[in-house]
Amino acid sequence: MVQELPHPFSKYLRSAMMPHIWCSGCGNGIVLNCFVHALDELQLDLDKLVVVSGIGCIGRTAGYTNADSFHTTHGRAIPFATGVKLANPELEVVVISGDGDLFAIGGNHFIHAARRNIGIKVICANNFNYGMTGGQQGPTTPLESITNTTPYGNIEHPFNLVHLAAASGATYVARWTTLHVRRLTQSIKRMLQKEGFCFIEVVSPCPEIFGRQNKMRTGLEMMEWFRRSSVVENFSDPSKAEITSEKIVVGEFVNVTKVSYEKFFHEKLAQINEKAVEW
Amino acid sequence: MTKKRALLSGVHFMNGDIACAEGALAAGCRFFAGYPITPATEIAEHLSRRMPELGGIYIQMEDEIASIAAVIGASYAGLKAMTATSGPGFSLMQENIGLAAMTETPCVIVDIMRGGPSTGQPTLPGQQDVMQAKWGSHGDYATIALSPSSVQEMFNLTIEAFNLAEAYRVPTLLMGDEIVAHMWEKVVVPHASEIKIVNRKKPSASPGKYGPFVPDDDLVPPMACFGEGYRFHATGLTHDEMGYPRTQSSEVQAKLVKRLCEKISRNEDKIVKVEEVMLEDADVAVVAYGIVARAALSAVRKAREAGIKAGLLRLITLWPFPEKPVAKIANQTKAIVVPEMNCGQIVREVQRAAKTTPVSFLSKLGEEPHTPKEIFESIRRNA
Amino acid sequence: MTEKVEPESEEIRIGVYVCHCGLNIAGSVHCEDVAKFAATLPHVVLAKDNRYTCSDQGQEQIKNDIKEHRLNRLVVASCSPRLHETTFRKTCEEAGVNKYLFEMANIREQCSWVHLHDIEAATEKAKDLVKMAVAKAALLQPAEEIEVPIIRKALIIGGGIAGIQAALDLADTGYKVYLVEKEPSIGGMMARIDKTFPTMDCSICILAPKMSDAGHHPNIELLTQSEVVEVKGYIGNFHIKILKKPRYVTKDCSACSECAKVCPTIAPNEFDVGLAIRHAIYTPFAQAVPSTFTIDMALCLNKDGVIVCDKCIKACERQAIDFEMKPETVELEVGTIIVATGADVFDPSVLPQYGYGKYPNVITSLEFERLINAGGPSSGHLIRPSDMKIPKRVAFIQCVGSRSERNKRLYCSNVCCMNTIKDSLLIKEHWPETELYVFYVDIRAYGKGFEDLYKRARKEGVMFIRGLPAYIIEDRKTRNLLLVGENTLQKELYKINVDMTVLSIGLEPRKDSEIIQRLLTLSRTQDGFFMEAHPKLRPVDAATGGIFFAGCAEAPKDIKDSVTQASAAAARAGILMAKGKVTVEAITPLSYAEKCKLCGLCTKVCPYNAITLNRELKRIEIIEAACGGCGTCAAECPFGALTQNHFTDEQIMAQIDAVTEYNAEKKIVAFCCNWCAYAGADFAGVSRMQYPPSVRIIRTMCSGRVATKFVERAFAKGAAAVLVAGCHPGDCHYINANYHTQKRVERLWKKMEQNGLAKERLQLLWASAAEGERFASKILEMQEIVENIRQEEIEKAKKIFQKASEGN
Amino acid sequence: MPERIMHEPLDGKKVKKPKAEIHIISDQCKGCGFCIEYCPKKVLEESQEINARGVHPPKIVDESKCIICSFCTAVCPDFAIFVVEKPCKEAC
């Protein structure tokens, strides 16, 4: 066992912040891993990258990536990122946050950013509950699941995030689990090379908080669920992309070309300034 | 270059909202994010036309929360950014005004005050948000708040607000009211070259060394922007000077919060602006701000005609509170009259500063501000 | 679906012609008497005898009589209908009489020739036969043959040389062709062979151009890694379902093989019989068509849709790798099908005496082909597996899995002799010093240029020793092999030491032949290869219409024969598609809706799935085009709701009654299927085999048509014995209809036993068209019964089957 | 193809497997076991040692079986394991 060599991805991480705060078996580390893996494969200029996150366990990701990063208030990562992207379209702006942050308190921002087609890239780690606050029911908590606030089983219908994103107008929509690291990495690469609003949902294990209350005490057990249940159905109907204990539909669901808000805006600028000169 | 695309200059007839918008442009603001709300809507409408002409960004967000968040983002990306709203929107913004304070984000928030609470009186003036401007968001922090009382000042103070925001890396609030916003007046716009513009300090340290929250002697840290190669981190969590979360450390917390407040209080003298009228020999002083100050001025003149030695202290800066100017007049006058379009907000600060000098409060709520007569009566009573 | 045609009200006027056929008939039958007798029969308005009815004058006379005497039914008593029915049917049509109003009495093959020396009996029998024909003729109905359109597209199953050739021929003719291959590449066995005999061409060199032609032909659609899973429909209108397995590599693949270089998993390459390795992502051989690589998911590390290893994905510049590919079902509509599924090779590891699999230096002829092949694992160097050294002495053992009772492979595999001779010459060519021994049973060098090659081999010093080794002993140290056996020419034992032994393995039917057989309703020979419609005259047609054979699927063949047969099959299929339509003989079922109880039995017994039960409309529906015309449905229907056109119950009953009207107790009523038993009886006649004249043959298309009530009727009318004769099981011309015959006969036997009747009075015979002897001896055997049967027995049967004698 | 395969591939020995060098940063490991469970060649197993975080990091069972697919590296949430290919002079 040799140890002198540094980890190949260490240059993408803020050594001062390592090790991360996440529990053993938590999928957030895999999301971060795949994200930097994609950066590595794309040889992306880190000086032009901005990572924005909201509140929640995964919200720490911004702090861990060795790029310009901002850890906003709960739910506000997307509008903050919108400001950044519009102010400097040269920047690659990536929002990495959780299901509660992006789709409960931040839900309105998400659908409008998608509608406007702002050129920001959103990765959502979906762990089915509010992990950081100790495991409360959230917008993606499956029906009948047990959480600290649904002790008798969840009676709220969860969001189908890929359906929501597709319906809101995202130009790229994919879902993978933390077991599909290769596809997730490729998917992130594809997303980073696209124009307009993109969204990837990563179904991620939360063994300590969610799993514990739902008969999946370890990360391995949750990963086994993913292995057992996930089926790759690329470009299938997002509205049918279910997540149940029997079936997790993963894949790329949307990949279309649509002019981004910022590009559109600057085209307009050019036009009106043409006119202005004529006057 | 055609006239339309340039910044304005010369003499113009406009309303307060437009003056504010033009002031922002003159100050170098190139990003506006907002959400329609009376009586601030014209600012957005005007900028939606003017921003593009000057190559700036205008965007209407899904709500005021998003608007302020976008403004903070734009500021970190290097643009001077502003949003404008009124009471209800101002309340929604408080969360991220706190974030702006915590992350020391230079930005301007315009609050055109209307009758509250809640939806209140959308089309009528008020001064009920001035305390919210100080205490609106949770936790201890300091902001700067200015109060224009004319359309000309809507223009001037907007520029001033940007300069202060940039100088002190602090969210700066322009607390206008429905009347100054909708009133049409003559505005003299100096040529761009004659307007003083302050820009944020850029770091001298190389990317490797740079800490985003390492303060200079004035307690204000130089500010790098995204994409400049500094690869820094900022967070709403309690953080050290490198910007990294230190949620468990009491000394980091104490150091940080103190500095956030002191970078304003220590620079109070440089920040605070007041207007003093006929105070040299005054027995009775009126302390007023915003639109009310204009009624107060004519009331003071009336009193002088009636042989009462009255004077006016007009607060241009509301926050940090002009402690010293108020204390000064308190020493030389018998009484102080404070008219406000609320149930008594700034008056408490005046009382605190005036110490023993009696302060009488003149409240006005509803569709119109105090008449000069009402204020005159109060002066006479206290003379 | 045909509705019952009401018999025309017009008076029935039958003309009968008794042919002398020179002396062939007249020699042992009094034809004039027969004609006179015929004239007395009901509805007969004219009866003549003439020398050669089939001659032009004979036919002219018939035509004139038809006009002159307003004949509307025709009976000719002459040779076998198998010979001249079509001739006289044409004559009728030319005279304006529907050809289905013609009936023949076979008084030559089944009378004069088999009773040469008993003129009286023969004449009596001839009269009976005419009487039967007239009885049937009176009930004949005119019929129109229906036409079915043919889809001008062909499906070819199997992408070996036969499939490729057939595909190219059809495609060049202008027809759309779907070429289905279950392996990743077309090419089949020929692609694996080094050289071809007798010309010694490089096999792949002459095959590769054809492969790429097939790959790029605008009219050919290749479906590799695909298998036919469902075939519905009938000649001209087949609906095919094909399961296309995922390749996991898209067409963008440039076959640069960078992926294989980085693939971490390896396995033996099946194409090289495991003598070389391949990776999980691979192409079986360099010239593969399509050249697109494929991923062996059983071997790949990426399971359950989780990509663990992405080396190939990273290595692929064109991004042609797609693990998301899923199996797809392709649906096709074709008019014709060519079965070119090829053959397997015999697995010699079942023969312990040769130690294949145990001794490293015992290899098969197929492995040898890969070894000697420049593109093979040893890049053409003949090395022996044990030590990779060039063997000095090599033995070939012939007939391994051919011509052997023990291995249940009685047939000659056809290619092994020449293949060995070719191989021996190849070795001599490169390593002249090598000692070569060929152990054989017979050397079969029957083909063009084969003998020369054989001579050359002997001249080159290849030792041919008659007599296969009894066993092989391996020297543990040297791994050399000692072959021990008897030289049957010199009648002496031999013990020969060699470095390597090549087992010349035979060809055998594909293990999955049953599947193809079931899907396409084909029949197979005892050997297990697919059976052609006629061994001489329809060698590439299947019994099922619209389906043809090419290559080793039909029987072991060499490349030349496979190509020849492929072109023949293509031509046959082409003929159908060029016509664009096909006519079906009007011997299809006829249903009486009012009698039908919707039991659905007919749909179950139909070998062609030509009958479907429409529950909504409460009726059965018959697809004439799909119907083979065996009549099994009519025989099985418990309610008499089905009968067969031109072989109706009434007609057959009439024939039975005609036979049994006088001294039934002296007669055998025989029901013979047109293709085997009846043909067998004809063959007995042709070869002048003599048998008792007591038998009266009623021809049905298939023994499956013989309903129990026919047999019962015969007994009820006092017949001494009844014979039901058909094709051997498995050889049925109507796939499996004769299984139902057997069941029915067994039911009757049981019934007879229960009623204390001698069941041997009913006999079941399987006789092929070639087994005249078998037929003759059966009649001889049954004559015993006829002679020994007691009157009471006959009466008893009459009583028991009483009911059957009433009506139809 | 249906033939039974009875002989060893002649070129079996010629194929050269890359030699892996597995690096485990033990103290960074949180012991989730993903690398162990999902290694296609079962190269790793849980060790008995207890690391700085009080968990059992993986240990190498048979490095020679590793085919450097690097799935362990990709699936590790803690950046605690990676594999490099040994330079040829060591490998061959």
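Before moving on, here are some points about what is shown:
Letters A, B, C and D name the chains as they come in the text, with residue numbers starting at 1 for each one.
Going forward, a residue touches a chain if its C-beta (ideal position, glycine included) is under 8 Å from a C-beta of that chain, and two chains touch if they have at least 3 such contacts.
Predicted, not measured: the structure shown is a model, and the values here were computed from it.
Using the contact threshold fixed earlier, the set of chains in contact with both chain B and chain D is A.
When chain pairs are compared by their number of contacting C-beta pairs, A-B comes first.
Averaging Cα coordinates per chain and for the whole protein, the chain whose average falls nearest the overall one is A. Rounded to a whole number, the gap between the C-alpha centres of chain B and chain C is 99 angstrom. Chain C has its Cα centroid 64 Å from the Cα centroid of chain A. We define each chain's centre as the mean of its Cα atoms; on that basis chain A and chain D are separated by 30 Å.
As a whole-number value, the distance joining the C-alpha centres of chain A and chain B reads 37 Å.
Of all residues in chain C, those that touch two or more other chains are 306, 308, 310.
The set of chain A residues that touch two or more partner chains comprises 179, 182. Residues of chain B in contact with at least two other chains: none. The touch graph of the protein chains shown belongs to none of the named shapes.
By the document's touch criterion, interfaces exist between A-B, A-C, A-D, C-D.
The touching residues of chain A, counted against chain B in their complex, run 14, 16-17, 46-48, 50, 52, 60, 62-63, 66-73, 76, 78-88, 90-91, 108-109, 112, 265, 268-269, 272-273, 276-277, 279. Partner chain C is touched in their complex by these residues of chain D: 1-12, 15, 17, 38, 40, 67-69, 71.
Across the interface of their complex, chain A is touched by residues 2, 4-5, 31, 33, 52-53, 55, 57, 59, 61-63, 65-67, 69-79, 81, 95-96, 98-99, 103, 226-237, 242, 244-245 of chain B.
Interface residues of chain D, counted against chain A in their complex, comprise 21-26, 28, 30-34, 37-38, 55, 59-60, 71, 73-80, 82, 84.
Chain A contributes residues 1-3, 5, 7-10, 13, 18-20, 22-30, 32-34, 37, 178-179, 181-182, 185, 218-220, 223 to its touches with chain D in the complex.
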